[in-house]
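Below you'll find a set of structures to go through.
Shared between the two complexes below is chain A, which pairs with chain B and chain C, respectively.
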Partner chain A sequence: MTTSLLLALMLTAEPPALKEVLTKYDAVMAPATFKATATMTAHRDDGTTRGYKMNILKGADDKSRIWFQEPAAVRGQEMLRNGENFWVYMPNLKRALRLASRDNFQGGDFNNADVLRASYAADYQGTVKEDAAKPETWLLELKSTNPDTSYDSIKLWVLKSPLGIPVRGEYFTSSGKMLRSAEFSDVKDFGNGHKRPSHVVMRNEIATQRFSEMHWDAVDTAAPVGDGKFSLSDLGH
Partner chain B sequence: MNALLSMAFRNVLRNRRRTLITLAAVAVGITAVGGIRGVLNGLQDSMTRGSIRGTLGAMQVHRTGYLANVMSTPLSLDFANDDALVKKVLAVKGVTAVAPRIQFAGSLTLSATDQDDSPEALFFGATAIDPVLERQVCPDRWKLFTDDTVFDDTHVVLGDALAAAFGAKHDSEAILLAPDRDGSLNGELAQVGGAMRAIMPGEMKIAVVPLSLAQKLLRMEGRVTELAVAIDDTSHLEAIASQVRAAVGPEFEVHTWAELAPERKTIMGIQNGVSNVVAVVFLLLMLLGVANTMLMSVLERTREVGTMMAVGLTRGSVMVLFLLEALVLGAMGAAGGLAGASTITFILAKRGIHFTPPNSSMEIDVYPFMTAAFTVGVMFAAVFGAVLFSLYPAWRASRLRPVEALAGR
Partner chain C sequence: MHALVLLLLTQTPLVATTGYVDSRTTGAWTQLDGAPGVTELGEANVQVKLTPDEKVKFYADVSLFWQGAWAIQGGDKDLANYRPSIVVSELYADLPLQEHFRVLVGKKRIVWGSGLSFNPTDALNPPKDPTDPTFQRAGAWLAETEWGFEKVALSLVAAGRATRTYAGLPTALVVYPDHPTAEVVRGIATDDRDEEAHFALTGRLYLLLGDLDVNLIYSYTNLYNDAFRAKSRVGLSLSRVFGNLEVHAEGSLYQGSARIAVNGDCVSAPVMCALKGIPVVTRPDLDATWFNSQALVGARYQFDDSSTLAVEYYFNGEGQDFTGYRRLATLSLQNPAVAQQALGGATDPGTPQKFTLNAIRRHYLVIQGSKPQLWDDWTISGSALIGLEDLSVQLVPQVSWMPKEWLQLTLAAYLPIAGLESEGVTLNDKHYGQFTLSPFETRVLFQARAFF
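Moving on to the complex of A and B:
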């Protein structure tokens, strides 16, 4: 009785403000600072797969860094994001080279921004509404307000409760073509009150044979994150 | 009939001034049509030569499905660059050389001259070629390189647009970054060897990279995505292509240069269309001139026709006489025009037309020529058209009633 009443209340509730939902989403997908380990498996058109193991560090003020452990081909490579700038450090050249946020993240179907620039509140405007097909979610229709974002518009389905946890995303170019779509699943409590989907499947909607899975093995939002880790000169050390 | 023909000749020569004016109109028109076609032939031949000897090769061999997949990950459709395969292609009669290549995309960073520690990276499309073997298939590629360009196993050559965007200097350090065959990023160092002119205006950012460097960068040692094939006689292109297709088997696909650069074929198609329309319009104007001359001639010679009929010439013979006069006019005009067009094309072909198209930095050499088929076609069109356009005047002449015609009515 109480549950159905609650459910009915939930279903008829007015949509919350977009800002509120996106802030929650950002807190789930890109907490202010954290240390994490993750594995990406890229499934290629010819049926082969390749796994990437990495350590991720996120600092305040839009800074992130990734260390790749596997496969051997990319061991020692590092990626750095500082605001709008992305670099990759190549151990064989001992140099950091610029990357575009729209470039593929290694051999997968995420782009660099999907992994290193996952917060939306600052860059997107839009509306929140019901989606009859997914009554447990709010549908966010987002439009970029920043020319540097890698998608012009996004459709994002997030849970009503707990608010902000994503279920599905669709990512579009300015011409309205869908580039990628993501399914978020396996919500897991990573400790320190941080709950997030631990599994993301990103489908390439252009080369539809391809998709990539990102699995978050550990996320520690309480780990100390020093600012010194996000300078270009620290790459390779 | 012979008598009619010689009469026709004499009649044409009777009013010399009018005949000369008509012939001049026909000849000038046909000279123009022939000249335009000749120059266009030369231009298209130059485009074809540029494609075959400059960038594409006469044909290319890829793994089956490569061309359909160019948008996604063509690197995974690669193959071992082994002697057995190359020998199979070389064994086909008419094939003169084979060059291995890899087409890939990546980004390029030039070491900054000042101490800015993170220079810009630019996305580019690259063709990786073997500096020695490529010369046998696309020797004209080297003509695209600017003076003093060095291209060997350590030097890359940047396309105009890319070189300009960087302000690249000779021997500045270039860092190539690209996803390898499995998608993982890799980087390699190279030197800038020089710049390369664009063949077609508005080319994208491109570069030519030594094959060995690309194989290291893409982690594809001993593997390639493309074999470019040179042949001895391009008029046998299709036949040789199908023999190569048979030689390499179903695992591979073979495309001719025209299939690889359909836009060039389309451009040629449009050029041909426009020149055909111009030719038809010119021809119509010339033939209307002939029709006018013939009609005048019929009206002037009413008494004469009456006399001929009175002495027993049949209506049919009158009609044939006038048609023969038109035929003689058409044939003489066309012969004059074609002689003019041939002279012009011959002179231009001897000198060659050298020009630089707008937005392109490469000079194009055009050597005009006319084909036998075109010459015969124009001759036929002019003669047949003159007869066709004179049917009405000739018919009018044949319908005259002798009594009235003799009276000049």
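Moving on to the complex of A and C:
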């Protein structure tokens, strides 16, 4: 009886403010600072897969860095994000190249911003509403306010409780065409009070046989993160 | 438990190793003596990063090359360029003494310019293949101090040229040894020693201005990678992204020129000139005070399917005018050894390249494109290096396949096109453009690389 009442109250509750939900989402998907390891598996049209292992460091103020560990062909590659700026360090060139945030992340179905950038509260505006098909979630309909974002609009389903944990995302171009869809699952407690989906499947809605999985193996939000790792001159060292 | 798992997963390993074994088999149609019709280049590369402490790292990128050459045109069958060798691309100690300050000592390739096919501001490193810049990882012997922050960095570098090497390994830096080589003593090689210091001092200031990468570069060189003595150069490099388009520019400004001038009277008879004591080639503008420059502007675009297209224009202030070019080209065809000696100098070539360019003209256009995952892991790509004066072209179509994550197979062709007859040279009724002066005509290359 009590459970039913709570559920009913939850389902009929007024939607929270968009800013509150997006701030929660950003805190879940990209805490202020953290150190992590993750594995991405790209599934291609022909059924074959390619796996990538990486170490990720996120600093304050929209700074991120990735070191690729596997496969051997890309070992030594690094990526750096500083605000709207993205670079990739190529060991064969011994230098960094500038990247667009929309560029594909290692040829998979994530793009650079999907992995290195999660600042929806700053980049998007929109509405929060119920979705009768997914009553345990809020549906966020987002429109970009930043020309540098990868997607013009996003439909994002996040859990009502705990608020902000994503369940599904649909990502659109300015013409309304769906480019990608994402399923977020396996919410895991990574310690220090940080819970997030440990498994993300990003589907390519243009080449529908393709999809990529990102599995977060470890996330440490208490790790010390120094500013020195986010300077362009540190790449390759 | 979480902390333990994270520690195991994310701690920096003491030793990180990677590398590859590589085989390049080339078949070529040759046109000059000393050029092999078939070559095999085997490379075993290892890259080791040793991190015993947060305050010190050691890094080595070393390749062993075994080379063979067959079907050689002409009588000389032992070609020095095709002997086995060792290339130490990088070998250094990296000391991040503070969060924003590091000292680095050893051999390292440091590139500050934004150009892909050419770097006009690069005074330090061995040249790269403009049709495939990823094949040159060799750097310079140097010491570097660097203060690096998010939006500003300052780097100071002192580099010394390897004045004597054996099988790719240096035995002398900056100055020549007191004693000549055994080959010189036996009279089978000329003594190229001098008593000067061969060095480069360079510094750069990096600024992230808005979303624009800016590098201001100053270099002072003395008989380092060219014939200039006590030469100052200032350089500027810019790079910015607009949507999916990356735009960059890089330029260097200095006085005088190290370009060679071929004595017109000696083109057909260089030996006669040598006997009379008349130099076949001179460098008349080495100490000139007029301003010279090298510059590059380019753009790189990535399409939604990950295909890329890059276009760069390169202005080479060291290039020849038409008269100078015709003399040099004729000398290259009639006396390739003399021309090569004059052009090549004694700089470190670094890693053996698939294609080497002596940029002897002034205006070049480089177009590079690739389309990955054409099917499975098949990638088609291509480069076109175009001499804009004579419209001579070096075309490099290429297809590669990664059947496994650790194996890459590549088939490429090197197709030189002579271009405009009016802007080239004609010898024995055959027309030559700048890209058909090579000892090779068309080449076909098969490469297999296994990563570990």
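Things worth noting here:
The rule is short, and it goes like this: the second predicted complex is superposed on the first by the 237 of 237 C-alpha atoms of A that agree within 3 Å, B and C clash if a C-alpha of one lies under 4 Å from a C-alpha of the other, contacts with A are read in each partner's own complex, and residues count from 1 in each chain.
Going forward, a residue touches a chain if its C-beta (ideal position, glycine included) is under 8 Å from a C-beta of that chain, and two chains touch if they have at least 3 such contacts.
From a predicted model like this one, the values you see are computed outputs, not experimental measurements.
When both complexes are superposed on chain A, chain B and chain C occupy overlapping space and clash.
Which of chain B and chain C touches more residues of chain A is settled by the count: it is C.
Within the superposed three-chain model, A:D217 lies in touch with chain C and out of touch with chain B [touch as defined at top]. Touch criterion met: A:G228 reaches chain C, while chain B stays clear of it.
Contacts of A:D46 after superposition: both chain B and chain C are touched.
In the superposed model, A:N85 makes contact with both chain B and chain C.
Once the two complexes are laid over each other on the shared chain, residue contacts for A:L99 go to chain B and to chain C alike. In the superposition on chain A, A:A73 makes contact with both chain B and chain C. Shared interface residues of chain A (contacting chain B in one complex, chain C in the other): 44-46, 48, 50, 71, 73, 85, 90, 92-93, 95, 97-100, 103-104, 107, 206, 232. Listing the residues of chain B that touch chain A in their complex gives 69, 71-73, 76, 107, 109, 117-121, 123, 175, 177, 179-180, 182-189, 219. For chain A in complex with chain C, the residues that touch the partner chain are 35-37, 44-46, 48, 50-51, 55, 63, 71-73, 75-76, 82-86, 90-95, 97-100, 102-104, 107, 190-192, 206, 217-220, 223, 226-228, 230-234, 237. Note for the complex: chain C touches chain A at residues 2-3, 5-6, 9-10, 16, 18, 20, 47, 57, 90, 94, 96, 99-100, 102, 108-112, 114, 133-135, 137, 139, 146, 148-150, 153, 155, 206, 208, 211, 213, 239-241, 243-246, 248, 300, 302, 304, 306, 372-373, 375-377, 402, 405-406, 408, 451-452. Of all residues in chain A, those touching chain B in their complex are 42, 44-46, 48, 50, 52, 71, 73-74, 77, 85, 87-88, 90, 92-93, 95-100, 103-104, 106-108, 206-207, 209-210, 232.
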